[in-house]
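Chains here go by letter, A, B, C and D, matching the order in which they are written, and residues are numbered from 1 within each.
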Amino acid sequence: MDQLFPRMLRFAQFGAGRIGAIHAANLASTPDTQLLYIVDVNTDAARALAVRHGAQVAGVEAALADPRVDAVIIASSTDTHADLAIAAARAGKAIFCEKPIDLSLKRVDACLAAVKKAKVPMFVGFNRRFDPSFAALHARIARGDIGAVEQVIISSRDPGLPPISYLKVSGGQFRDMTIHDFDMARWLLGEEPVELFAYGSCLVDPAVAKVGDTDSAMVVMKTASGKLCHINNSRRASYGYDQRLEVHGSKGRLTAGNRTATTVELADASAVSGDKPLFFFLERYADAYRAELAAFVQAVSNRQPLPVTAHDGRQAIVLAEAAVKSLQTGRPVKI
Amino acid sequence: MDQLFPRMLRFAQFGAGRIGAIHAANLASTPDTQLLYIVDVNTDAARALAVRHGAQVAGVEAALADPRVDAVIIASSTDTHADLAIAAARAGKAIFCEKPIDLSLKRVDACLAAVKKAKVPMFVGFNRRFDPSFAALHARIARGDIGAVEQVIISSRDPGLPPISYLKVSGGQFRDMTIHDFDMARWLLGEEPVELFAYGSCLVDPAVAKVGDTDSAMVVMKTASGKLCHINNSRRASYGYDQRLEVHGSKGRLTAGNRTATTVELADASAVSGDKPLFFFLERYADAYRAELAAFVQAVSNRQPLPVTAHDGRQAIVLAEAAVKSLQTGRPVKI
Amino acid sequence: MDQLFPRMLRFAQFGAGRIGAIHAANLASTPDTQLLYIVDVNTDAARALAVRHGAQVAGVEAALADPRVDAVIIASSTDTHADLAIAAARAGKAIFCEKPIDLSLKRVDACLAAVKKAKVPMFVGFNRRFDPSFAALHARIARGDIGAVEQVIISSRDPGLPPISYLKVSGGQFRDMTIHDFDMARWLLGEEPVELFAYGSCLVDPAVAKVGDTDSAMVVMKTASGKLCHINNSRRASYGYDQRLEVHGSKGRLTAGNRTATTVELADASAVSGDKPLFFFLERYADAYRAELAAFVQAVSNRQPLPVTAHDGRQAIVLAEAAVKSLQTGRPVKI
Amino acid sequence: MDQLFPRMLRFAQFGAGRIGAIHAANLASTPDTQLLYIVDVNTDAARALAVRHGAQVAGVEAALADPRVDAVIIASSTDTHADLAIAAARAGKAIFCEKPIDLSLKRVDACLAAVKKAKVPMFVGFNRRFDPSFAALHARIARGDIGAVEQVIISSRDPGLPPISYLKVSGGQFRDMTIHDFDMARWLLGEEPVELFAYGSCLVDPAVAKVGDTDSAMVVMKTASGKLCHINNSRRASYGYDQRLEVHGSKGRLTAGNRTATTVELADASAVSGDKPLFFFLERYADAYRAELAAFVQAVSNRQPLPVTAHDGRQAIVLAEAAVKSLQTGRPVKI
């Protein structure tokens, strides 16, 4: 009977900004789901998004109080994630939460405790795990294409510097940007890093240093069994969003590169040239955003384990904290 | 006022098969459009598609008689295209017609006459012009990246043989398969071919020869100014759908290659290997199907010229007919 | 005993021009060979090359009369090839002859008759068969990587137009340029073409048309079993020497592309760009020239069959003649 | 007058092993050079190489005492480099010395002092600087293609583990293998690293750990201005010799990849696959070995500054020592 009439999964969404608009649109094209509420302090934005997708504007309490709501999408500003997740957990809703859960590990742990107590599933939006190329690379490691993983190299470079006003509240490059790469590292290594060492520099714009942040970073990590991982980051890549993985194992190497808008190449008297990588995360990870939401819906609907959990969200923050400490002390940091 | 309240473009669609399902789904995600009717002799298929997209099932006459219907999508079987287009033209509807208009040039011309008389816009679904890579290549020719076009080379190879039952009614390889390449050739050359010569062979399966068809073909064409074009076709490419363009001009070469599902590469003791091309037209041209419908909607809504016209549909058939004649006579054929 | 003291193979070389200099230098680095004589009507060129490689300058008769001479390299002007080959055959020397044997099929046949009568081995310098990529592609066809060959596509484009004075005596584009591609076609198809059709245009420079030649060409050919082949040629490729092979078989596709001087790629705000192909035949086929001479030396020294024979040289000319006739008559030509 | 009769540069070579054979053969094809002596304790090897290249076998003293000898090539075992270089310097010979000068920094400094006192030029064989792709990448940084250098990423992975007997005397992975990458790093950064941090693991073979060495390593370094560099090494890459550079600057990214023997690609039902990288340093750096010797000959002949000096040799060792210390202490090391 379940298969004839699959139960509709009903959502309330917190946040009607750029990333909220993406999740709402993806939900609209995900079968067997319904978006009931949009919640945002910016009521104009909330209304516009609600109208577009046939949802209602509501406040937090009302949305969580509706027993029809099965799940929430938390896509509001970072400082609200933990509180909303705790409230949703207490209301018994399944949680899809944008990364990071919080910039403070203490608050993250409070959130995880609430989720654990409420026994609700909580997914953290590490979208890159759902990029078709990265997901395929991970699957091929899992099926043994390169034997035992030995080294992981992650290149992750943004096309340009965000506004300094954003950087001030971002938590810094490691918590805001590298956090995605820390999740990739854990996922690809298949083991927890036990130590890391980080360098950070300000090479792109001196204004970044003035707000106490870095714009260029390199991290190395090792696991208990001696596997090694390197991450390089920059806030500037004139050629677009540079997102590549390289994994070396006992039997070979797997790489996943950038995607381009077209396959057109021009050969002329100066060079053979092709497209730059897709511009930024909205373009590069459009498929990934769709796939992560579909994965959440499927797991929650079928009461299966989530492919990314609140614990994963916590561990990425632990690594980011360690990187901050390494940068501050100039020493490697045990995890 | 038009811009504040853009007029909704309302459709009736003929055909609820595989390609009809694609167009209906694309219409559903195209802003400012509405699908009113699905028409198909297979009433189960019509009903299923209608339910999915909030349309009604109707007959041809009823659909065309509804004054709310602005435009039709003709995605039914090839032998019905011309009659439906004529009826739609008489009813004053804008026409989006799947290729080919008809396998008989005489009927094509009758259709074009009716369309001309009715002064309705008619678009023929040469989807490949809307593939992001092919469209970008064409735009770069137009902006002068390679100077004057001199030679065009089109590789167009299907992953596998269709059923023999389909081949029997397909009109033959040149009318069914090469027709897309003939359109590409005209579009890229920027001049009409004035002569062509064609070879066809049966190399994939002797059953193809038994129904009087070929499965492997090579065509060369020239234009009045001496530009040259080559097309190669096969009904079998074990590695997937091979769709590539190569254009040589006085200042350089432009190429557009295949697309892959991922960018993953494996380097191991045997080779460095990557993904095969996307499997077939549904995968490769998914973006193109979306873009061609959007282009039709935009042109019709804004009363602008269509980017592909019924005349283009006719000319591709003229070239296909010439290729058939060349194959039969063993001689080059003037066009 | 032979293996302990391998017999030295001693050469006389006719021709001290550009290609002669290449062969002489390659001979110098081929073990178990010695260059005894350089023969050239340009005595300064002959002397310079002879001094460089420790050879003597001589006339044709003297060189052929020396019983120490085992083999000759014919790298003089095309119109002297046949006579020199006949003389060398009568003198019992093994022959390495640059392509073409002659522009006249009648004289080619006279030459082949003399060679046959003298029972000497005669090699024709189709260097491209020895390009590492092309040779590897051919070997992989032979070992069955793509099953039965069905279609061959040859792209062969020069970086720029030779002097008109050269074109006047070249025999025309098909005999001078396409001849290499005709040899590639026969080699890759593994069957003789039985018919061809050719288009030729003058698109690069009207001066070419004034001397009755073409600068742009497309050929299609078929074999008795229905295999198809396409060749495209241009005398202009602003991006360098474009030399690519593509072979389709029942089980897959093999391609061999251009080579570059470096693997450097630049990604910047405009594109991702890499090297153009190597400039022209001296750069692209440097390895091939070395390898063909080594293959000749090895086969003659070990009395093994030659990998390319005078018959191959003849057949390429037969195809070139057919292409000329097709161009002149506007009809396909049986071979 | 110098240009009409360029002075011949005459060499004595120490070492007749694998790398010695390469240098001797390259010298043989370098114009205006002559190899007078081969010196090796293995007199059979010395004799064979001497016969092959028309040189004489001699002892160290005799070779250095001959006033005709202008320059020496030191290609003997590592532990003899410093003494031979000191002796050659005292004899007033120009020195081409294989890397490393010595495993002990103290002995390196003694050698540099002797060279300085004797005012002879000393070149250290960092062959990779002369790889066509790496040299072109460096030249493009120098001409400003990517603006100011910000980050350097060096991937350097051997195809397989050397014998444990070799590892025992090699000085360890950082001194034996990473030393090349340390030189690349200095060359590409255009600034001296002021600190580094190193991880090393034994992942390939436990026998490596038993002799106190590592087989897998990751290093990060920074310069005074904050530029960052990462090196990753492994003694095992099943797919061949992996040698890649990636340099990020303010205006773009330059990369240099591996080279392959051919450009052949196979597309079949499983994948699109091409050649593995060239197997090891003899294949990959054949051009580089030729070019470095030519650069040495040209600089010494024309009394120009050497492109790589003994100081460069020393600095690479300083970095290797720092990496060893970092690995031993688990701390970053100031340089």
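We adopt the following convention: a contact is a pair of C-beta atoms (placed from the backbone, for glycine too) under 8 Å apart; a residue touches a chain by one contact, two chains touch by 3 or more.
As the structure is a computational prediction, the values presented were derived from the model and not from experiment.
> What chains do subunit C and subunit D have as common neighbours?
A, B
> Please identify the chain with the largest separation between its CA centroid and the CA centroid of subunit B.
The most remote chain is D.
> Counting C-beta pairs in contact, which comes out ahead: A-B or B-C?
More contacting C-beta pairs are found at B-C.
> So what's the Cα centroid distance for subunit A and subunit C, whole Å?
Each chain's C-alpha centroid was found; their separation is 58 Å.
> Just give me the whole-number Å value for how far the CA centre of subunit B lies from that of subunit C.
42
> Quick one: report the Å distance separating subunit A from subunit B, using the average Cα coordinate of each chain.
Result: the chain centres lie 39 Å from each other.
> On subunit B, where are the residues touching two or more other chains?
237-239, 242, 251-253, 267-269
> What topology does the chain contact graph adopt: line, ring, star, complete, or other?
Chain contacts: complete, every pair touches.
> Would you mind writing out the residues of subunit C in touch with subunit B in their complex?
148, 150-151, 153, 155, 157, 197, 199, 201-204, 216-220, 222, 226-230, 232, 234, 236-239, 242, 246, 248, 250-253, 330-332
> Show which residues of subunit B lie in contact with subunit D when the two form their complex.
Subunit B reaches subunit D through residues 237-240, 242, 267-277.
> State the interface residues of subunit B toward subunit A in the complex, per the touch definition above.
Residues of subunit B touching subunit A: 29, 132-133, 136-137, 140, 145-146, 251-259, 261-269.
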